[in-house]
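Shared between the two complexes below is chain A, which has chain B as its partner in the first and chain C in the second.
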Partner chain A sequence: MTKKEICLYFPLILFFLLGIFLSFGLFKDLRQIPSELIDKPAPHFLLPSLFDERKKISSNRLKGKVTFIHVWASWCRTCQQEKNVLWQVKQIQNLKMIAWNYKDQPLEAKQFLERQGNPYDEVLWDEKGVDAIKWGIYAVPQTFVVDKHGVVRYGYQGSLNKYGIEKEIQLIIKRLQNE
Partner chain B sequence: MFFKILPELGHLLLIFAFLFSICQTSIGLWAFFKKDNILMYWVPAWVYAEVSFLFLSYFFLTYAFFINDFSLAYVAGHSHSLLPWPYRISAVWGAHEGSIFLWIVLLAGWMGAFCFFSKKHIPLKERVLILSVLGFLCIGFLSFLIFTSNPFFRLLPVFPSEGYGLNPLLQDPGLAIHPPMLYMGYVGFAVTFALAIAALVEGSFDQHWVAWMKPWVLFAWSCLTCGITLGSWWAYRVLGWGGWWFWDPVENASLLPWLTATALLHSLRMVEKRNTFKVWTLLLAILTFSLSLLGTFLVRSGVLISVHAFANDPLRGSFLLKFLMSVVCLSLLLFAIRSSRLCSQQFFKFFSKETFLLINNIIFFVLMLSILFGTLYPLFLEVLNLGKVSVGPPYFNFIVTPFLILLLAAMSLGPLCYWKSTPPNKVLKLLVVPAIVSFFVMFVFVFIFPHLGFLKIVQLFFSSLLIFSTIKVSFQKNASRFGMSLAHGGVGVCALGIIFASFMNLQAEVSVAPGEIISLGDYQFYFLKVRGIEGKNYEGVAADFVVHKKNKIFYLSPERRRYISSSMPVSQAAITTNMYRDLYLVLGEPLGKKNWAVRVYNKAGVRFIWLGGFLMMLGGLMAWRDSVKRKGRGQ
Partner chain C sequence: MNKILFFIFLFFLSPCFSLEDAFQFDTPEKEKTYIEITEELRCLVCQNESLLESQAGFAKDLRKQIALEVAQGENKEKIISSLKRVYGDYILYKPLLKKNTYFLWAFPFLILFVGLCVLLMILRRSK
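Here is the complex of A and B:
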């Protein structure tokens, strides 16, 4: 082959490399929460309960049990597909489940929970999203797992309705419970 | 009750269309390689059957949207019974499944049109080969639709009585027509691509092939230009940020094929007139469609995060990626093996049309590469674990500006030159008058705006030079090149608009209560009152402003809407326009008891950007008509 003929293979090679990159990009989880939060004490929050505005729930309550925190909103369409995974998580014994309702109308949020069922022990109502900033929440759905000592151990952004995520979260919770 | 089962019928038709596309491709390829003439005659019949089934199937889906059949999961997820009917029809392509379906229907449309219009010009053998390539693309996309994103799934036996509603941002006339136009362009390059593949298989690419290819490139290019322009206009009106281009990955994805298609248009001229640049032209034809596919992949897989919130499901993405890679790699492999026999050499002097066409090609290709790089760079870093970054407007503006100036300069000179060689003094003589006029324009602007940066002055000069030299060319040459002049003039007008929008731009972001006044430049905005409004499927507030300048008075009422079925508030900017400026008023969030956040912009010349885009599209369409006529005359 002459030099010129070899040159004609360049576009093929370049595109092939691009394809390899794209496939890595596709399967690599780009939505893991930035590592700043992980292994740090959970940032503070003090938020009212969705069902009773006078009752305030603070981040101090996170200690003692492994806690699963799920951030959602009724306007979020992806959140509507997560029902099955959340009920799976509910099956785990000795786990506290907290819902963090983000920038939502209370009535719509309650209707959402009536439709989907309420697997949570507590539902926080975060109207303005101020405390959410410290947690790095700017989009929903988002999920955190906090261990017995109140340290954030796991964070995930995006729908839980995705192959593999449910197993991963169950494993992490079991591991933290045995620590 | 008959109408209720139409979606099932549509589903069935879709599956049949898929089977037909398999028949079309396999029979076509078999007949082509076995040189079986009788079988070849059957291929167009499969094509027409497939196309009509697909159109019917799409029509049934649209009908399900029209009658609010919420037992279909896709309809329930993206429509609402209170949605006005034009938006119910545009809601079909408002989400993933439907927009892939639209893609396929348009591909089928292009395929049918090609099959019909090529009957007279292209010999059966080549035609069958081209249709088989198109059929292969149909197989890929139809299996993607049927197996991973089927819009015909039912929610039975229990289905919602009301839909979730269409994203409020999509409820706008600009968006109702922007995706179909954009897709028309994207998909249209499939025909060009199939022609290029056929030329490679046949091992020849001469004037005949150019004459076959040119009208399809021109028409697809015009559609894509129109789609991009509409998209920009939509973003300006609806997103309420007052910008017209955001270098968002999805916008870039539509720009990439446009850049290579523009290069392709120009290099086709070279093959047509001088019988050279053949290999390069074929590569561009393949790349243009590959970039369309890449764009579809980037948008649909959610591999890049952007303001266009689309469903992201890695399984869908991996299917698309496999298909994309197999199509592109196979065609580039074919290119690598077969194109060496098409190499040719021609000589030309520096001052010649060839040089400027070459410069055009280089500029567009480099622009494409740098924008592609900028778009994928964050992804590269993430894959290599080097951290999260985002590449924004600073990078793109930095890269594009010098090339834009070069391009404007080359475009002012190029059309004045002849083929092979031109005496330089002749070209320069032709440029004297346009140059003097542009200097004058430039000085007027420098006089009015003394703080103008150097680069902007240069851009201003060259864009007006381009406009005036194009006017001169269009008077000199015969009318058949008028389309080209119009498109080139459009580039000049667009560039002028971009520069105007970058410096003649006043803005203010204030908190006001009813009864107060905002002043911006010569304008005063009296905030009268806030009133509640109610539309068919939304409610919200409108703020009434009286705008006052010297003795002119007019009213503006920006709105803030909250659509039923979605609690996301959407601001509807109020815009008034004349030739020179846009007044742009956006109502933001309420602040405190009486005050509101209000943004006011006075943007001059921003309309020129879309006027330029429109002229380019018009020029493309005129050139298209011209090339169809020529082909008809057998030239």
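Here is the complex of A and C:
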């Protein structure tokens, strides 16, 4: 190939290289925005319990034990397929499980838990989603793991019913429990 | 004539949908700040829309929160930085100029430069 030909084809080659580079973006899951809270103290919340509105649960309760927080809603289709994973997590000893019911009707949320079973120690009712903003929650389901000192150590956006996620979460919880 | 008037009025109707959750501010400056903030931020649910345009529940909640903070007299930078702390740089429509975005910012100029070089070469040869 002469110098002249290289110069002639240069824009075309550049275009193809750019195409290859940009095509990587097609396979990227744009919904998966990494949580900014990792390794930061858990933001404050003060929310009523779904089963007793007078009982307020605060983020101060997050200290002492490793806590698994799952944000869900009865109107969320994906949340209906997570039952098995949640019950698997429940098997882990010495773990606190908190459900964060997001912008839901209490009656429907309770019916959902009746149908799926309730693996949680506490169920928070976040009617308006104001506290959820502090936690960077923008869609459900979303999952966090908070360590014994109240520091957020893991965040995941999307269905737990996905290959590999269950194992990943179990490993993280066990690692944090041994810290 | 009536038909023309009808279409003129129809045209002016269009912005009404975005007034669904219009907030009242005591000064025009605050309203301006509110609009500026919500235009600069991205709705994370409908990712190609600003917070101001998006009709997603998340955007509505965030607009409400921002309106509340603006009404309380918080400044624009503080509101944006507190949201950035929680949602990350991704919430900003305009990417920041930092290490991992140098390429993003420089690339269009690089392409322009290469294009100009090629153009110059072709022009010179045709002479």
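Everything that follows uses one rule, which is that the second predicted complex is superposed on the first by the 145 of 179 C-alpha atoms of A that agree within 3 Å, B and C clash if a C-alpha of one lies under 4 Å from a C-alpha of the other, contacts with A are read in each partner's own complex, and residues count from 1 in each chain.
We adopt the following convention: a residue touches a chain if its C-beta (ideal position, glycine included) is under 8 Å from a C-beta of that chain, and two chains touch if they have at least 3 such contacts.
Please read these numbers as outputs of a predicted model, since none were measured by experiment.
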item	value
Which of chain B and chain C A:11 touches, first, second, both or neither	both
First, second, both or neither for A:104, with chain B first and chain C second	first
Chain touching more of chain A, residue-wise (chain B, chain C)	B
Chain B versus chain C as contact partner of A:136, first or second or both or neither	second
Intersection of the chain A residues that touch chain B with those that touch chain C	11, 30, 34
Partner chain A, residues of chain C touching it in the complex	44-45, 47, 57-58, 61-62, 65, 85-88, 90, 111, 114-115, 118, 121
Chain A residues touching chain C - in the complex, by the definition given at the top	7, 10-11, 14, 30, 33-34, 36-37, 43, 103, 128-130, 132-136, 138-139
Contacting residues of chain A [partner chain B, same complex]	2, 4-5, 8-9, 11-12, 15-16, 18-19, 21-28, 30, 34, 74-75, 77, 80, 104-105, 108, 158, 162-163
Residue ranges of chain B in contact with chain A within the complex	77, 164, 279, 283, 286-287, 290, 297, 301, 303, 305, 312-315, 317-318, 321, 324-325, 328-329, 332-333, 335-336, 339-340, 343, 376, 379-380, 382-383, 388, 566-568
